[in-house]
Amino acid sequence: MIVSHPESLRSLGPDVPTGLPDTAFVRHLPLPGGAMLDVLVVAADTDDEVTATETMWRAWLTEAAGSVAVAGISAPVVVPLYGCLVAWMPGRAAVVGPAARLDQLESAVATFSTREADLRDAEQRTATLLDALETDAAEAFTIDESSATRREGLAARYREAVAVSRRLALLAPAVHAPQVHPPTLASQLGERLRERTRLAERHDLAVSQAELAERVTESCGQRAADAGIAARQTALEWAIVVLLVVQTALLMVDLLARRGTP
Amino acid sequence: MTGANRYKDIVSLQDAPHRSPRTGPPRIAIVGGGPGGLFTAWHLERLAAAPVEITIFEATGRLGGKVFTPTFTAAPVSYEAGAAEFYDYSPVDDDPLRAVVAEFGLPTVPLAGSAVYVAGRRIANLDDVADVLGPAARRELVGFDTSARGAMTPREFYLSGSDHATAPAHALERAPFAEMLAAIPSPAARRYVEMMIHSDLATESPRTSLGYGLQNYLMNDPAYMRLYRLAGGNEQLITALAQTIAAEVRLDVTITALGLGTTSGATSGATRQLALSWTSGGQSRHDEFDIVILALPIGPLAALAVHDPSLAAALRRHVAHHDHPAHYLRISMLLDRPVPQAPGHDDFLMVDAFGGACLYIETATHPTATHGVVGWLVAGAAAAELATRSDDDLAAAASAALPGPLAACRPHVLETRVHRWAGAVSGLPGGWAPLSVDRRHRPSPAHPNLFVVGDYLFDSTLNGVLDSAEHVAGWVAAELACFDIDRPYTSRGCAAGDTR
Amino acid sequence: MTFRGASRQASIDVLRATAIVLMVVVHFVENLSGWFDGETGPFVGVHRVWWLPTGWAAPMFVFLSGVSYRIWLHVQTSRGRGREEISKITIRRGLFLIGLGFAFNVLIWLPEDVFNWDILTLIGGGLLALEVARRMPDAVIMLAAALVIAVAPAMREAAGYLDYWTAGFYDYDFTLADVALGWLVTGYFPVFPWLAFPLAGYCLAPRLGYGDDPRPDDRTTLTAAAALVVLAAGLVGGWELVPASLRGDTPLAWTMFPASTAYVLGTLGGIVLALAALHRLLDGQPDDGHFDDRRWPDNTAPRWPGLVSWATPLSRHALSIYLVHHAVHVWPLWVWSLATTGEATSLWQVAMPPWASLGLAAAFLLMAAVLCRWADRHRAVTAESLMRWLCD
């Protein structure tokens, strides 16, 4: 994910917390959907140095907690690794470790954050679909002329449900990827971040919710199509009735005319 | 533990009834109250179509064998004195042991550990390998790993030891594991691999087969297998089994001899019963059983006197074929404070002390722990050598060997316990061809009512002994399906005209 | 504009009031002063132009009856009235109007010994037809309306329409066949083609911005209406070019009796365009910045509220005005004729010059407007309230 570190991206965004070494910096990384990830990078060669930075990065992370409302992630996810430490929240992360390992850690954090942001976006879109589910469910069973005005909305929600399902399907290999063996530091970090943020479980839940929304809206579409066919059939039948009535009236007039006297 | 009856239906020796073996429910004796004997009794009671009368004889005062969770004296803190972990094969296929644990509702805790301490330096991933051992070593290890995974797929790993094992798997039995290790050019990388798997092998690489060595290497790959323990102690499995089975359990009874029983009143074709002898209260006792299942480690099995020459010869051949003793030594240390969490939150570390040992951090994640427990698992020749030393010597050596982040715990050791498991597992050497599964469990076809159960018949693991017990229990249950309560037992299978 | 609650549509009221004015003027002038067929009088050569606007009242009434029924249906459904109840009310109202029509014919035209199917029986019958038609898709209703218009000339030919109109008015024998034919084809406002107006009104109401799912300024509707007007104009202008065999019983392209095809199409198209224009001009939008202090019940304010305030009472009491204006000018004619000549119908169409009858018509309209406002304020009993009381 991060191949080079353009200097122009360094130290943008929030300021580096005070008390950290001069080499510490904040990198501003773009995420899908227009979101940004601020990564605080601190070089620390020993476990004691890693521990000493905790107060600074923890305060820096938690001040962002109120600005990103994510269900179930209200505190930083802290992953102590072998001589390193990574703390992550939606939108912000702190990477502390030996200078030689920082690139791998940043890369793993960025990759994970991208996937997590993707999943969170899918979750939000799914939640929106579920909000309309109860109303839509009535038309999944039967549909009539009075709901004709809702068909466009139903069609739009079906397309959205399919789009979300597609997004989740594309995300599945990364979310459910088996553990890498032999592991690298980056793979260990990625696996632990996925585990701690319950990415796989959230993905499974979002998939089942999207499937439900897709099923209901598809059913609604099927009903709407059936209703359209039924309406056309009804119209045809009524047209036949009208023609028959008019024909009958013609016959009656002819008959009566022969019997009537001017 | 003697003197404390923790299990129901324990009958004192004086009250043991003498029953006629001729009619009534089949009488089954299981010699050995370890996991093998308990699993066998449990499965047999579930599979038998008709009531069976099972008696378990255990030489010590407790059930469980190598599954043992005692408590320190200095503080009411338990620790694992034997098997510290269970193997989880569910990533590949059904895991019978996992199913048993789930059936009993026992909560499990996953175990994981990546760090290997070599010469005091931690190697937890390939990046560490490159830093500590060099880039060349990293390349060699990746190559070795690729070869290992190519030599044994997860499916082959899962089936190894069974009759369903593939031909390539059988070929792996013929060469020693040391040959594959020799293909790693760098001595440092080779040593790293040896240290990583030594405690699982329980022996040295030249003394084990390629297949067994691969298994113990590949078990570190989550795609092949995962590890877990039971929350609250692994002995809970033994307790659950003991509370569930209806078998009669006789503790502190050492079976001294096995022989053929009498056939008074037998009609032709009836199988002769087997007789077991033991000494109780200074008196010799014996009893006869329709079926005897020897669920003993190789050592006690070899020490069992057998009166019938053909039976004795069969058992000698059985022992000789399977006697490849490997050793374990457990040194558990109680600390006066919780153990600091290892980097990466590892549940165990591999350390190059004691020829390659595993150090379990047993209480690091306990939320209310007031004490800490670390446990060494020493294996192979080092275990055999250290077993001759005194407990105090071993305690000092164990404390001195604590690596990096745990070195600070040395002054906080309150109590040390040592458990010696000499010959407790089988080394499965290279060139040793396993017998068919049936042949392993019935050492003497001429004595069809004698069976053997043991982890050494598979892979020396709890999963292996469960497989063994399941196999024998199913076999016995099938034979008993034709048993007529009013007729003498015969193990010739269901005869024509049998209504059952 | 989305219909809300029971508020009236100013456009409908103005158009209906226009129809009332035209009706009163035509009836007063025609019945008291006579019909000028072009040979004598100040309207020679221009009688078609003079009478052209007068032939619009009946189509307006009948078309608007369909529009109003659509709106009423939407209101009742919105209020949660059940289908069965709606059906019962519709049928009762239809039968009421038919019965009222019979009674009106007997009481007003008795001296002429005339029993005619007239506009009341047509509107009542239209309601009964709409009770069935409302179950059909709108497209089928339009098909029915088109068929009614299309087969009417053939039906008239088959029934021998002109034979019933030799005296310049509808003259029939009181036999079952003649009565039935009169209802269907040969009478004053027969089903064929007059049923097309309420059907079209009902069907086009949403496309003009009324009722459920309003779609005002529907381009297709307005284009079709304009096309109908053009077609009618073409038929009128090019009638001489149409072969005699196809012209049938209508020597003129534009006739009200019988309702020629050009007349039906032209009035239909013209009414649609007029109503669309009035809707756009008069019916207020909450967000168009033309709010007036005098708020309508639905909080929208129409433009030209003065005009609307006079038109609405007239529109609201159209049925009563129809009944009363006949009584007011026909019965005095009978009495005056009888008194002066001994023959009740002797002064029919020759009682006074057109300017006098026109003046009377204007006076009546003024009085009617005042009385209607009074009736609204005092909730007086009217034909409409009687109908609601009996049928709802």
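By written order: A, B and C. Residues from 1 in each chain.
Please note the rule applied: a contact is a pair of C-beta atoms (placed from the backbone, for glycine too) under 8 Å apart; a residue touches a chain by one contact, two chains touch by 3 or more.
Since the structure is predicted, the reported quantities are computational estimates derived from the model, not experimental observations.
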If we look at chain A and chain B, which chains touch each of them?
none
Maximum distance between Cα centroids and chain A occurs for chain C
Whole-Å distance, C-alpha centre of chain A to that of chain B, is 48
Centroid distance [mean C-alpha coordinates] between chain C and chain B, Å:
102
Using the average of all C-alpha atoms in each chain as its centre, how far is it in Å between chain A and chain C?
60
Going by residue number, chain B touches two or more other chains at none
Which residues of chain B touch chain A in the complex?
114-115, 122, 124-129, 131, 141-142, 145, 220-223, 341, 343-345, 405
Name, in rising order, each residue of chain C that touches chain A in their complex.
135-137, 139-140, 143-144, 147-148, 151, 154-155, 158-160, 163-164, 166, 172-173, 175, 177-178, 180-181, 184-185, 191-192, 213
What part of chain A is in contact with chain B in the complex they form?
47, 80-83, 100-101, 104, 178-179, 181-185, 187-188
Once bound in the complex, which stretches of chain A touch chain C?
148-149, 231, 234-235, 238-239, 242-243, 246, 249-250, 252-254, 256-257, 259-262
